[in-house]
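Per-chain numbering from 1; labels A, B, C and D assigned in written order.
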Amino acid sequence: MKKIINQPEQVLVDMLAGYKLVHDDVTYLEDTHVITRAQFTSNKVGIISGGGSGHEPAHAGFVGLGMLDAAVCGHVFTSPTPDQVFSAIKAADQGSGVFLVIKNYSGDCMNFEMAKDLAELEDIAVDYVIVNDDVAVFDSSYTEGRRGVAGTILVHKIIGAAAEKGASLEDIKTLAESVVAHLATVGVAIKPAIVPEVGKPGFDLDEDEMEFGIGIHGEPGYSREKIKTSREIAEELIHKIEVETKWTTDQTLAVLINGMGATPLMEQYIFAHDCLNILQEKGYKVQFKKVGNYMTAIDMAGVSLTLLQLEDAKWLEYLTESTLAPAW
Amino acid sequence: MIITKELAQKWFTVFAEKVIQDKEQLSEYDRIIGDGDHGMNMARGAQQLLSSWQETPPVHLADVFKQAAMKWISGVGGASGPLYGTAFFEMAKAIGTKEELQHEELVNVIKAGFDGIRKRGKSEVGQKTMLDVWAPAIESLEEKQLTTEILETTLTKVTALKATKGRASFLGERSINEVDPGAASSKLFFEALLEAGDLNGD
Amino acid sequence: MKKIINQPEQVLVDMLAGYKLVHDDVTYLEDTHVITRAQFTSNKVGIISGGGSGHEPAHAGFVGLGMLDAAVCGHVFTSPTPDQVFSAIKAADQGSGVFLVIKNYSGDCMNFEMAKDLAELEDIAVDYVIVNDDVAVFDSSYTEGRRGVAGTILVHKIIGAAAEKGASLEDIKTLAESVVAHLATVGVAIKPAIVPEVGKPGFDLDEDEMEFGIGIHGEPGYSREKIKTSREIAEELIHKIEVETKWTTDQTLAVLINGMGATPLMEQYIFAHDCLNILQEKGYKVQFKKVGNYMTAIDMAGVSLTLLQLEDAKWLEYLTESTLAPAW
Amino acid sequence: MIITKELAQKWFTVFAEKVIQDKEQLSEYDRIIGDGDHGMNMARGAQQLLSSWQETPPVHLADVFKQAAMKWISGVGGASGPLYGTAFFEMAKAIGTKEELQHEELVNVIKAGFDGIRKRGKSEVGQKTMLDVWAPAIESLEEKQLTTEILETTLTKVTALKATKGRASFLGERSINEVDPGAASSKLFFEALLEAGDLNGD
């Protein structure tokens, strides 16, 4: 394992201390690894996201006017504890309640829900959405269901903008659930991630192999194949989303192409070119596009494709609204 | 055997030591079917528990469980933090003000822990999780027949299952024949109980 | 070589076509691989940068209000031709002349200067600055001199903001030369870059080795060492800059920590933490900080550290001025 | 030997073919002391030149050089684009309206190309660049003694130099004993001239 770090056990605290040194407009609650805005908009619903670390810029990079109020940072690929989430809730509460964006992993769900219980004991109104956009995962009542992955960033942006405009906790809950219901992501890896404390890749890929349907924690995916061209990968991912969502091709879409950490923008734009061309050929109308590293898996090389059906014209407005979050 | 505060503390001490010792192995199991952090997560809780006992030793029997619950809930994170934390918390609640547990009471306390995991995890036996070690272990304990061999066999059976809960479930068929890390750490929990005292005698 | 691409010979055109599909507010001159703003501010000096491709988001990502007017994109790691640069000059000329930001490589200098000659034949006033911030390279009249690397981004930002405020071609030339004179960068690699058409790394590093002083084209650096901690790397790079610039520690600085393409933000923030701590311990006053992938070397893993002495308070204003360039 | 339009076109055709054939090798030299693109750059110019002759064959002797200059200047980029492009352009200027070059005239034309590189590159002999092949090649040619063996020896000598111009200069001492890609492609240029006709006879 080759990384620019100090002690592998210290990556979280070194990184967050670095984040605070670089960004003057955040507050860093050291004990609980929470990054909040230094200044809150008064009276709005507080929006919190978080989870394990290793997904940078998620989640701290999305703290800022127009997006999150606070980000809770667990150890690498490990959900934060209820205490940590509760500390973020207390910090982000501006009197109108707090809304949690949770990615669908057992650990995140349990820890965030326990934090909600703690907050309600102190009379803070808390509600949440569980993002489960990863269509790579078979979804049925007998499984854990779909994971929450890069589409979460679009949820942050849309509800972040709505909260800034004064939406109530109930409004935000309805909005978030509706967005999640229209969201689908699927990703590929050509090189696995290495967790600093583990020192070994989460799975092994040969020099000519790639993996379809990987998660953002180094989880392997649904199929391992010989490396394909960007165009073929784009076709397969769009196909997978179509099969799983059963959307018709007259949809209006927002598209997020997300780099997994070690994939250069050159490849991301090439892949974006193929995705957008295919979507257009099929008849989709793409009204919003974004390319870059938003929800990474440490140093995994790969990309994910997120499609959001723009059910409501307001969503596009929220997506294009300006924000001070440095990573958007 | 009667479980006293001293015995319970020994139980958790041995458990914590085993977890710390097997940290790499637990993470390696998790690396294959999960995200590679189970050993680190559990060792964090174990380390904190051992340190906290230096400063504030438990006063009552239930304190042993309460302190373990607090360390797991507030210090571990991931899935194992709330699951083990809830188990220990429910065990403390079941103990209440008792300072000794007879064999049958012990079984009921561990059952309370088991139910805690089920409720917190919205999970059931058969999904290839820690529950699949807890359930057979409780059964054997009830019959005063829990041994390390039985725990070993149990883990082998869990290994043959297909995961439908937790991170490993994302792997589907590929989870078959891989060791579930939470099942492996649960095995350590019951091994520690066996090492703390002779459960099958009186 | 594993990359998400189609034909290795097509990476440039696929990427630029992708860039155009993603960003609606640019014009893409396909024949000459030039990206310009779709709308120009009237009457300002046009600011152009460019060079070989493979440094994404540089340079196209910095085209936008407040930064560049056009970016000329050569083949991977290959300077664009005079025709290409000339095409950008014609597009960016808004009547007040055009200013070229050139990185100090023989190829870039020659091609951009030839383009300037072409433009002057058509009565377009053209001036330029040659950025040579890479202190890793021994500078004397007997060598090619220092290379231009990540510090170029700060030059874009400062003169881009000045141009937007109406600075004349002469003002911009003076400003740019002064900024370059106060600029120093040095970088390290822990994994070399692979040019798609070459398919092999530019140099070889063992699993426990790193290279100090690498360039942004896969050029090897000045010394190969066993991998060090982030703190040790930060110390070495700051030391190198101090030795080469002979700055005293009472300087006011802008700091840019730049990822080389495959290094995750986690490591960049850890490295930023160490750099900013050391600079503070030494007594420097850091007034501007930025962390991210700005001037990459395809999929090289590594970081560079750029320090700019903030000689003039105006520079800080220009740096913090808002811009619409998507990659800033 | 007298250089005619036909002979010049053969010279550049052979040069282009050699460049295309040695593309990988030239890039490999550049990979080691530069940025790995010299073969690709030169082959781009070569390919375009060969194609352009299909469409618009040169009419006059100078056209051969002018067309090559245009392809290198507008199609190649990097350092080699403007350097070779300028060389060919200066050669075309030195030819002017002549349709035949006697031996001495040929030498002067090539000298004009050499000066073009020097001026464009602000470089001198001894810096481990293409100039270090051009200069000795011109000297040998003047004495009617240019052979492929001499070119071979020349390249070996250039290889022993330390680079002080171009990308390779960033390597300093480490550039010693590595082949300079531009020197290698210049060797192809003079080899092509030798193959186009017997320069040393009349």
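The criterion applied here is as follows: contacts are C-beta pairs under 8 Å (C-beta built on N, C-alpha and C of every residue); 3 or more make two chains touch, one makes a residue touch a chain.
Note that the structure is predicted; figures quoted are calculated from it, not measured.
Peer 1: From subunit B, what is the lowest number of touch steps before subunit D is reached?
Peer 2: Steps on the shortest route: 3.
Peer 1: I'd like to verify one number: the distance from the centre of subunit A to the centre of subunit D, where each centre is the average of its C-alpha atoms, in whole angstrom.
Peer 2: Measuring from centre to centre gives 54 Å for this pair.
Peer 1: Please report how many Å separate the Cα centroid of subunit A from that of subunit B, as a whole number.
Peer 2: Each chain reduced to its C-alpha mean, subunit A and subunit B end up 32 Å apart.
Peer 1: What parts of subunit A, by residue number, touch at least two of the other chains?
Peer 2: none
Peer 1: Could you tell me which shape the graph of touching chains takes: line, ring, star, complete or other?
Peer 2: Here the contact pattern is a line, an open path with two ends.
Peer 1: Looking at the whole structure, which two-chain pairs count as touching?
Peer 2: Listed in label order, the chain pairs in contact are A-B, A-C, C-D.
Peer 1: Where on subunit C does subunit A make contact in their complex?
Peer 2: The touching residues are 2-6, 11, 14-19, 21-22, 53-54, 56-57, 61, 188, 190-191, 207-208, 210, 227, 229-231, 233, 257, 261-274, 276-277, 289-291, 293, 296, 298-299, 301-303.
Peer 1: Show which residues of subunit A lie in contact with subunit B when the two form their complex.
Peer 2: Its residues touching subunit B are 52, 74-84, 105-107, 110-111, 114, 137-138, 142-144, 147, 195, 197-198, 200, 202, 215, 217-220, 222.
Peer 1: In the complex, go through subunit D and note every residue touching subunit C.
Peer 2: 27, 31, 34-37, 40-41, 44, 73-83, 120-121, 164-167, 169-172, 174
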